[in-house]
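Quick one: the structure is below, questions incoming.
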Amino acid sequence: MATTTTANGVAAETPRRAFVRAWWIWAALAILALLPFIGGKTGLISNYGFLQLSLMIVYAIAVLGLILLTGFNGQISLGHGAFFAVGAYTAAVLIDQANWPYWATLPVAAIMCFIVGYVFGLPALRLDGHYLALATFALAVAVPQFLKYRHFEWFTNGVQGINIFKPDPPFGLPVSSDQWMYLIVLATAAVMFWLAHNLLDSRTGRAMMAIRDHSMAASTMGINVAHYKTVVFGISALYTGVAGALHAIIFEFVAPDSFRFELSIAILVGAVVGGIASLPGAVIGGVFVQVIEKYADALTKKISAAVHLPLDLEPWTIYGIALILLMYIMPMGIAGGAAQLWRRIRGS
Amino acid sequence: MEQLIQQIASGLANGAIYACLALALVMIFVSTDHINFAQGEMAMFSAYICWQLMQWGLNFWIALPVVALISFLIGVSIERIILRPLHNAPVLSIVVVFIGLLAIFHSLAGGIWGHTIKDFPSPFPKVTFAGSGYIGPHQIGMIVVTLVLLLALFAFFRFTPLGLAMRAAAQNPTSARLAGVRVDWMLALGWGLAAAIGAVAGSLVAPAVYLEPNMMASILLYGFAGALVGGISSPGGAVAGGFIVGVLENLIAYFGNLLEKSSGLYIVGNGEKLTVALVIVITVLTLKPSGLFGHVTVKRV
Amino acid sequence: MASLLEVEGLRAYYGQTQALHDVSFSLEAGGITTLLGANGAGKTTTLRAICNMVHTEGSIRLDGTPINGRATEAVVRLGVGHVPEGRGTFTNLSVDENLRVAAYTRRDKAATERDREMVYEYFPILKARLTQQAGTLSGGEQQMLAISRALMGAPRLMLLDEPSFGLAPLIVQEIFRIMRRINGEAKVSMLLVEQNAALALELADHAYVLETGRIVMSGKAADVKNDESIRKSYLGY
């Protein structure tokens, strides 16, 4: 088998070797892919359960988009909900107005969102830290109103939104619609995470991180900072946009008020809780976002009852407290904390 | 013509609120280099406290200073307890903490008082007077109270030793320490003042936009736009910026409506005000981040 | 009787780097002591360490009271006036405001007024430029302002970090002359850090020489000034 050498003379792994080495990822993927066939048949996981799983994976992709931009390239975004919305509406409009098949909308959503992200990344070049956060905050707040713009109504359907339908599984496969979409989402996620992993492992990835760590030093080393920053913005928007498209198809509905500021916050929280600079962190973050959305209400009611508070404790209060505590205790998120723990165990 | 004057007058009234928020934002930014994303929700929470005090029988004009004081203490506590320990943390961590505060204040208001709209009566007498065709008593009230507040603050910073110490601490913390100023407490005071200003703004605007947890979200964006236009490092500039944005957003909507009436062409109208604010924010940040009256900070390698 | 300033076993750190290694010296009340040495020897670090502007270990006593570990502003309030490297002017405040801030901690209005007059007497140019924005003053004027700010805090001990830096010789001579007057008339003890050894030795009573964070020589300023071999080996002239 051919080997390549790295700069310091050590034999590097070929991509194929690394591919095979991550056997446990393959195993996990295989199990996940088989779920509809074993779980569904035996009634272990309901259609609703598959819907939940799909949403977790969708949010994982969305969070991954944000992580690429913020964790690996140092550009803070409080407005990723905007890209999620663009992807969602692209898919919905194409399906509803132009009768496109659902799978064809994904690449279009990807391209649309890349362009939007790249274009937003251009003025963002001048902005750092708080200023960029401010600009993206403004973007997030303005999104619903923007989507309600009168001149867009002919395709967005305005405030009422667009209704679409989940596709039926093809080739008469013995799975339900929900299970089929679950498989689609799983496959998309696998491909996108793999691409992200390769991106980060490459020269581009190293340039991205160099820019994050010290952009002035990076530019003196010959890295075209402006080029990388805008392209990464585009890629980041692409990822979150594809997630949005998938979400629209699964959820079967888009409307301007589905994409309020809270969505951008949820994606950010997922990234921070999962692990802002970690691919596994994106998965944890995605699970977190969906779990919180589903169970936060029930959870907080239980806490409320247990602690006898004189008020209706709301999920976002817990969210907020958790966020602040996390910055103190585990700024690198659950993935970061786990990695630290693993290193300690290994070390001792 | 009458409508135009109305729009300008109402723009000034809204602008008064934006000016207050912008000032609060600038005060925190100048002393700590942080942007308080939670400023709007804190102001909304304070408005609820004011409403509650009024429910318990207090007159608005008594409740207002009480709320300002309570908010001041909350602001000082936030700076001392939550933010101070993180002052060396990376920007993202700080931003996340602000978002956390935003989430807490927003949901706490809903949790304590519920999400239904509350009736918040205007403290200004409903009298008619010359010119009341153009502007209402509450709007005049907003402008007057804001101006009084701003004047008082100006006097405080300009003429009192404490105000001078705060300015010094914000401009050059090291030299301020060498003058014996307790810089950490000056920062906390800045936060307290910002929270108090926000409380006044929130309590003033509540009768106009109805008291509910989502009240301040878009107003905050206008406040940001005002602060940026005026210059996020300049308190006076921020105030001017707030008024400018207030009038500007109304004028743009007004002329948009006019255009539509006369030619049937609709570009922007009342429904696009937030988008306009977004465009202002992006434009200023891109083209002239120091705003009209601020100064550029040199990036040190 | 305790010296005004007693430093024992002082170690100072910038992050992981140790800049001062077991520095010990003392300063008697009423005198002017100078810290000499090449660039990077640790002179500025020593002054910063006294005001706890860098991480320190060891013992620092002001008139018998331990001050290491106290916040900078607390040390200042105990009677230490620090004229920092680079002057530390509040550039966006007026000259008047610069002086007012420096008197922030003082309660005695009459004494503060008297000190103002004293400052105007030493540096009349400041009175002329009272309402001017301090950032627009010349280098020499800013140095005068910096010294005045330290004076307005009514210090017992003044730390001066390279007051001659970047100034024309005539201005430097004038400033040093005034420093001698301040020492004599206002009874302010001084710890002077200077690159310009000749100038410092003219002014000071006692001298220490620092080399890479350690004290390598100590003696009466007059002795050091007159001893050519000491001058050549430690001060390079």
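Letters A, B and C mark the chains in the order given here, with residues in each chain numbered from 1 onward.
One rule holds for everything that comes next: contacts are C-beta pairs under 8 Å (C-beta built on N, C-alpha and C of every residue); 3 or more make two chains touch, one makes a residue touch a chain.
Predicted, not measured: the structure shown is a model, and the values here were computed from it.
Peer 1: Where the centre of all protein Cα atoms falls, which chain's Cα centre is nearest to that point?
Peer 2: Closest to the centre of all protein C-alpha atoms: chain B.
Peer 1: Highest contact-pair count belongs to which two chains?
Peer 2: More C-beta pairs are in contact between A-B than between any other chains.
Peer 1: Taking mean CA positions as centres, which chain lies farthest from subunit C?
Peer 2: It is A.
Peer 1: Let me have the rounded angstrom distance from the C-alpha centre of subunit A over to the C-alpha centre of subunit B, please.
Peer 2: 33
Peer 1: Determine the centre-to-centre distance between subunit A and subunit C, using the mean Cα coordinates as centres, and give it in whole Å.
Peer 2: 57
Peer 1: Suppose each chain is reduced to the average of its Cα coordinates; what separation in Å results between subunit B and subunit C?
Peer 2: The separation of the two C-alpha centroids amounts to 44 Å.
Peer 1: Quick check: what residues of subunit A touch more than one other chain, meaning two or more?
Peer 2: Counting only residues that touch two or more other chains, subunit A contributes none.
Peer 1: Looking at the complex, which residues from subunit B come into contact with subunit C?
Peer 2: Interface residues on the subunit B side: 161, 164-165, 167-168, 171-172, 174-183.
Peer 1: Inside the complex, what are the residues of subunit C that reach subunit B?
Peer 2: Result: residues 51, 53, 71-73, 76-77, 81-82, 84, 88-93, 97, 100-102, 104-105, 149-150, 153 of subunit C touch subunit B.
Peer 1: Which subunit B residues qualify as touching subunit A in the complex?
Peer 2: Residues in contact with subunit A: 29, 33-35, 37, 82, 85-86, 89-93, 95-97, 99-108, 110-112, 114, 217-218, 220-221, 224-225, 228, 266, 269, 271-275, 277-278, 281-282, 285-286, 289, 299, 301.
Peer 1: How about subunit A: which of its residues touch subunit B in the complex?
Peer 2: 70, 76, 78, 123, 126-127, 129-131, 133-135, 137-139, 141-142, 145-146, 148-151, 216, 261, 265, 268-269, 272, 276, 311-317, 319-324, 326-328, 331
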